[in-house]
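Two complexes are shown next, each including chain A; its partner changes from chain B in the first to chain C in the second.
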Partner chain A sequence: MEQRKLTRRQMLRVLVAGSGAAALAACGAQAPATGPAPTTAPGGGEAQAPTTAPATAAPTVVSQTGSTVNITYWGSFSGGLGEAEQAMVQRFNEAQNEVKVEYQFQGSYEETAQKFTAALQANVIPDVILLSDVWWFGFYVAGAIAELDGLAQQAAVDFADYEPVLLNEGVRQGKHFWIPFARSTPLFYYNKQLWAEAGLPDRAPETWAEFSEWAPKLVVKEGDKLTRAAFLHPNGASYIAWLFQGVTWQHGGQYSLPDFTMTMTDANTVRAAQFYQDTARKLGWATLVQELNKDFIGGVGAAMLASTGGLAGITRDAPFKVGVGFLPRETSFGCCTGGAGLAIPSGTPDEKKLAAMKYIAFATNPEQAGIWSRSTGYMPVRISTKQSPEMQAFFTENPNFKTAVEQLPLTRAQDAARVFVRNGDQIIGKGLERIIVNGEAPATVFADVNQELSTAAAPILEDLKAVEG
Partner chain B sequence: MASLQKPARPISPRERREWLLFILLLGPNLLLFTIFTYWPLLYNVYLSFVRWNFLRPQKPFVWFDNYRSVFSSALFWEIVLNTLTFTVWSVGLTLVLGLALALLLNQPLRQRNAARAVLFSPVVMSGAVVAVVWSYIFDPRYGLIDQLLGLLGLNSPNWLGSTAWAMPAVIIVYVWKNLGYAVVIYLAGLQGIPRELYDAALVDGAGPWARFRHVTLPGLSPVAFFLSVTSILATFQAFDIIKVLTDGGPVNATTTLIFYLYELGFVTYDAGKAGVIAVVLFVIMLVLTLIQLRYLERRVSYG
Partner chain C sequence: MALPDELVLARPVESVQARRQGRRWRLAGYLAMALAMLVIGLPVYWTLIAAFKTSAEIYGPPTWFPQAPTLANFPAAWNAAPFARFYLNSFITTLGGMAAEVFFAVTSAYALAFLRFPRKDLVFLLLLAALMVPVEITIVPNYLTIARLGWINTYQGIIIPGAAIAYGTFLLRQAFKALPYEVIEAARVDGAGHLRTLVSVVIPMAQPAIVTMALLSLVAKWNDFLWPLIVTNTANMRTLPIGIYWLRNSEGVINWGVVMAGSLFLIIPVMIAFLFVQRYIVEGIAAGAVKG
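Up next is the complex of A and B:
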């Protein structure tokens, strides 16, 4: 009895230490049971990587059956876009037998980047990866994605036929790292039915001033409650900072200079934010929603700025006719590019790198780029695609798609603050939420944002100097 | 572990066998704990002292820089306040509503078991699914709550779109999902109170309120204590509902410590500051666990 009691007390002591630690571990350890939260392991990437990576990663060994090279492709598309993506992979696998691609869905752009980070720690990496406009650069400065020029040459990729505005975004010091694939621009979407009911001309407004005149006719109110807005803003998580990028340019402002000097406190940038705030508060015809596309389709608002990448889906799902147009002007026109491109991890073995490049070459060849564009709404990334008879016929049938392509030459790459500063997109997005949702003064909020962006940019600049000199 | 190796008396073969068995039984668990709990725990403490973005090969040691920058930011304290608000309201409502429902379900009602099952069902649902469903219920334009308030002639607040209402929304969903657990534990506690005590109280002329006040409540106190500690620990770890329902927003209105940890670690990729938050959470939970253990030990010695 004596002995047992002693053991038990000691056991308890061990348990004290154990349960304390377990309490912490539980933050992460319990998460997988509840769904999409395995990324919370507090131990950091190293601790987390082994627990999440094996479930999604491909076999690391070079598994060659005959002369076929098997490669893994990590992507972020689900729903209709995911089906188009799967179809692309299937066409590639059926068209040749040197390379076999396995497509693995990894969640949103953010989740894909998170998993890639974890995969790099665990050394279990994919061979081709889809990275969004705000993520590829971080992996570039970390040396995690490979330079593609030599491979492109071997795979006979003709860079001259790619849309230069899109291709050049993925070029650093004359070398290609990020090949445009699912590239988009914002468009002005409007609900044709509500437009007609309000007696408006069937086109997008040319200027924000014009839209401010139209908006009151589109609004429906019950008392002081806005039951239908003229215009919808997304929240920070749905990339309001991307859609607002063009609006700042239209007002003569910008997020930052190319040398990473932040310009959020620039009078014109603040003026653009003041306009966004007024739409929701002083003018009262816009509202910020959690699910932009869903609420537009549901008729919660009559218009929005949204990605071309949603065009096919929105056109299909909306119970009304959808119109699109160029972004409205203010003092000037301004519209940025966006979306995702393909990259190859540096750590991928050489024979797989070439196989991966062959897939990238296929997915962005003039014919496939056309199929992808027609089934999704993303830009055709090849110049020759636009001129192809299939594409021309498609434009005639679907003039909305043509609008997006016509706007493309007027677009430019985004400011460094959003795409090169880690989390810059969310820093700006949260600032805009404070301005629109809380009604805080734009100048005050953007002063904070400016400070936060500058702090976040410092380590990137350091890394960049190390990589590019 | 060191204390295990020095018993007061010389070791007899019998004791040696018992020790061997003890270590044999403990070993596998201890090994797993070491690999998956203790090592990550220590490694996390190390991370809180370095500057690292998960990608760079080098991790410069920065001493207390991460701690300084976390503790000096207004956002951190705002998030601590959010966490307290969330915890106090969630735990408070769970304990009070749970007790009320448990008392109700302890009555000889018809369909009592069916009612208990219904009440418990949210506990076993996936938090992500619950959050998606509630995001529809909260919609200020076509949501169920808007419809119900409309019957009373009231406008629905913009639950998930306003910094004032987002936290109440998260608390409502969280309490709704976890209430069933508290009810089940309370019910077990109620059934553990000896009938004789009620009989004795009746004989002494105690009314329903006096019986509740002097018999039920004291009888339930250990259960309530257990529930409060486990609920506090659980709310500190609540992530799924927040992630899906509000994503920590709008602005930072529903960002709690655990969500901030996720954001710093896996959105901002700042392993050092995320490590600091993890250490803060660890200390809070360790203290809570020690309090609970102390209390339980005392209970055991009284028993």
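Up next is the complex of A and C:
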């Protein structure tokens, strides 16, 4: 019995790898294999062996005709986003003949990351991988993703033209590991029709205090039952902790300090949580829903905070005119970034690394970043993209999208507690559900959350110390 | 079958009160059945009508019938991904996987039910233990094994890890145990070996249980999502459930009409399979019910 328990726990540990220890162990186990990697790599490994010698002088090899480097790219885009991504890959493959990319869909961000964990152990890794804001750090700590500065130089990537707030999130100790690609931010959405019916000015509220004045006019009640809320909160699974991140900053609080000290019990963080609770209980104009976008479109609520990534879809499907604005202020403005970026596994052979970097450079060049942004609703990651005539025309047609882009320079990277602590997002999200739905005291709940986050952060801190000293 | 005769024999002995009580129970039974129908049927109905709705209608207030029925979702879903290829892959992996699972379940259940060998109880206990381990736990070890065999992105990679499932063996072992042992003894006396006994006596007698088990296996493999997703990389090796997942948007607004149309691609073949073998399943369930 005892024995079975043990193996089960070990297996669980393997499953939650990517968090650190297990993934690190995996890389440790893999490390001896990286030396002779070209020979051990399955399929065509032997054939690659001769090319590894001149890999240091890769450009000369690659410039020879007929030496196309094939690379695989694991991503999480499906549906309309998947089609946009495949179009991007196709444009890259047609634009040059040195590198050929194959885009392979691997499920959600979570499934992609889990598969990458397993793939690292089995040494069957992709050459480019899309990792979300909450996942890349775990792989960085495990040493599984490569430093990109040298490659970026070879591929002539101009880091100065990237939106600094987005680019700097992927920088550790002055080195780039994670290049922004599909990045979004929260945005304040409102239903223009209900706004007009309530006689409100056609704009987002400047402050939460102002919205609190407006809210009673937007609410519809049947007896005590709220049939239409002024504001909608998502549930934990729909990343309420991401949207609440900005709200804590607005109140002068934060989830954690950069050194992983948890600050959930900070008076201002608790004040922000108290505000969220009041909106749903004492003030009674907000409600927590399971499907945020759907309920906003369905008119269950008049306003919400939601990702810029949904802007195009919501505008298309809503039977009313959709308005957007910056997040409301409290004592200050606060808004975070989110979404996914591209990384290159450290186990990828050198000549493929450069090919992978060339794809990343292409996918984030000013022109392609613009096409991607216009077809998906993600933020343009390049500064110069915004000035392009295509983008300017797009802004004129979609003033809402312009608002989203204008808010971008005011955003900042999220606190470590949500993105760097394994499962931190869900720990905070569940806490917020307890506060909003169960009406538990914010101070008590966040004390629990603080404890849980600290426990979860401990192993990562240890690994981080080993990596960064 | 013997079933109706038994009931007829039992009935005259019943008292009036017992009969009334029986009727009440029957009514409760029908109510429970109707409730179950509703719980199971409503989502299916919702899927069906959503496939014919426009996106705006799905996101609007709920409607019981499509207000402006559209067929546009079906070509949209079909063209979004190579569904013909997904069908082929699903057929190959499901039928292959089911055949392997039934074969291993029948043979191992026969051994556990009728053979005498040392530590048989222990083997059975191990089987039960395996039954308790969630599939998710075994995914990473399985992935590593498959990767080292070089079977990533192949049919055998999808099929082999699910070729023998403890559940099937367990189910059939219980069914085999319930068979009248006299018949098997008679076959032995007539000189039948194990293979002959299995093929000519045990399998025909336990047919309902085997068909039920095969169908459960069929549905499980047909709907399996996580393992085929993890073990395959390229679109031409993917199966139907992954195709439907591909129709969803990872961020933003999901086009549910198209997703539901894709779900119907998945549901319909299984429905047809059910209609074909439904007769055997009903018998299987009835047989199980009587033997309790």
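The rule is simple: the second predicted complex is superposed on the first by the 403 of 469 C-alpha atoms of A that agree within 3 Å, B and C clash if a C-alpha of one lies under 4 Å from a C-alpha of the other, contacts with A are read in each partner's own complex, and residues count from 1 in each chain.
Operating definition for what follows: a residue touches a chain if its C-beta (ideal position, glycine included) is under 8 Å from a C-beta of that chain, and two chains touch if they have at least 3 such contacts.
This one's a predicted model, so the numbers in the text were calculated from it and none came from an experiment.
Once the two complexes are overlaid on the shared chain, A:Ser307 sits against chain C while remaining clear of chain B.
When both complexes are overlaid on chain A, the residue A:Leu288 reaches chain B alone and has no touch with chain C. After overlaying the two complexes on the shared chain, residue contacts for A:Ala318 are found with chain C alone; chain B is out of touch. When the two complexes are overlaid on their common chain A, residue A:Lys175 makes contact with neither chain B nor chain C. In the superposition on chain A, A:Lys465 makes contact with neither chain B nor chain C.
Within the superposed three-chain model, A:Gly82 lies in touch with chain C and out of touch with chain B [touch as defined at top]. Of the two partner chains placed by superposition, only chain C is touched by A:Ala122; chain B is not. Looking at chain A, you'll find residues 11-12, 14-15, 42-43, 114, 117, 121, 298 touch chain B in one structure and chain C in the other. Of all the residues in chain A, the ones that touch chain C in their complex are 4, 8, 11-12, 14-15, 17, 42-43, 72, 74, 76-83, 102, 104-109, 111, 114-115, 117-119, 121-124, 182, 184, 293-294, 297-299, 307, 309-314, 316-319, 339, 377. Across the complex, chain C meets chain A through its residues 55-56, 59-61, 80, 129, 133, 136-141, 143-144, 147-148, 150, 152, 226, 229-230, 233-235, 242, 245-255.
Taken together, the chain B residues at the contact with chain A in this complex read 1, 3-4, 7, 15, 18, 22, 26, 33, 36-41, 43-44, 47, 51, 53-56, 126-129, 135, 141-142, 155, 160-163, 233, 236-237, 239-240, 243-244, 247, 249-252, 258, 261-262, 265-269, 271, 274-275, 277-278, 281-282, 285-286, 288-290, 293, 297.
Of all the residues in chain A, the ones that touch chain B in their complex are 3, 6-7, 10-16, 18-27, 29-31, 34-37, 39-47, 110, 114, 117, 120-121, 138-139, 142, 144, 222-223, 225, 227, 235-237, 287-290, 298, 300, 422-423, 426, 430, 433-434, 437-438, 456, 459, 463.
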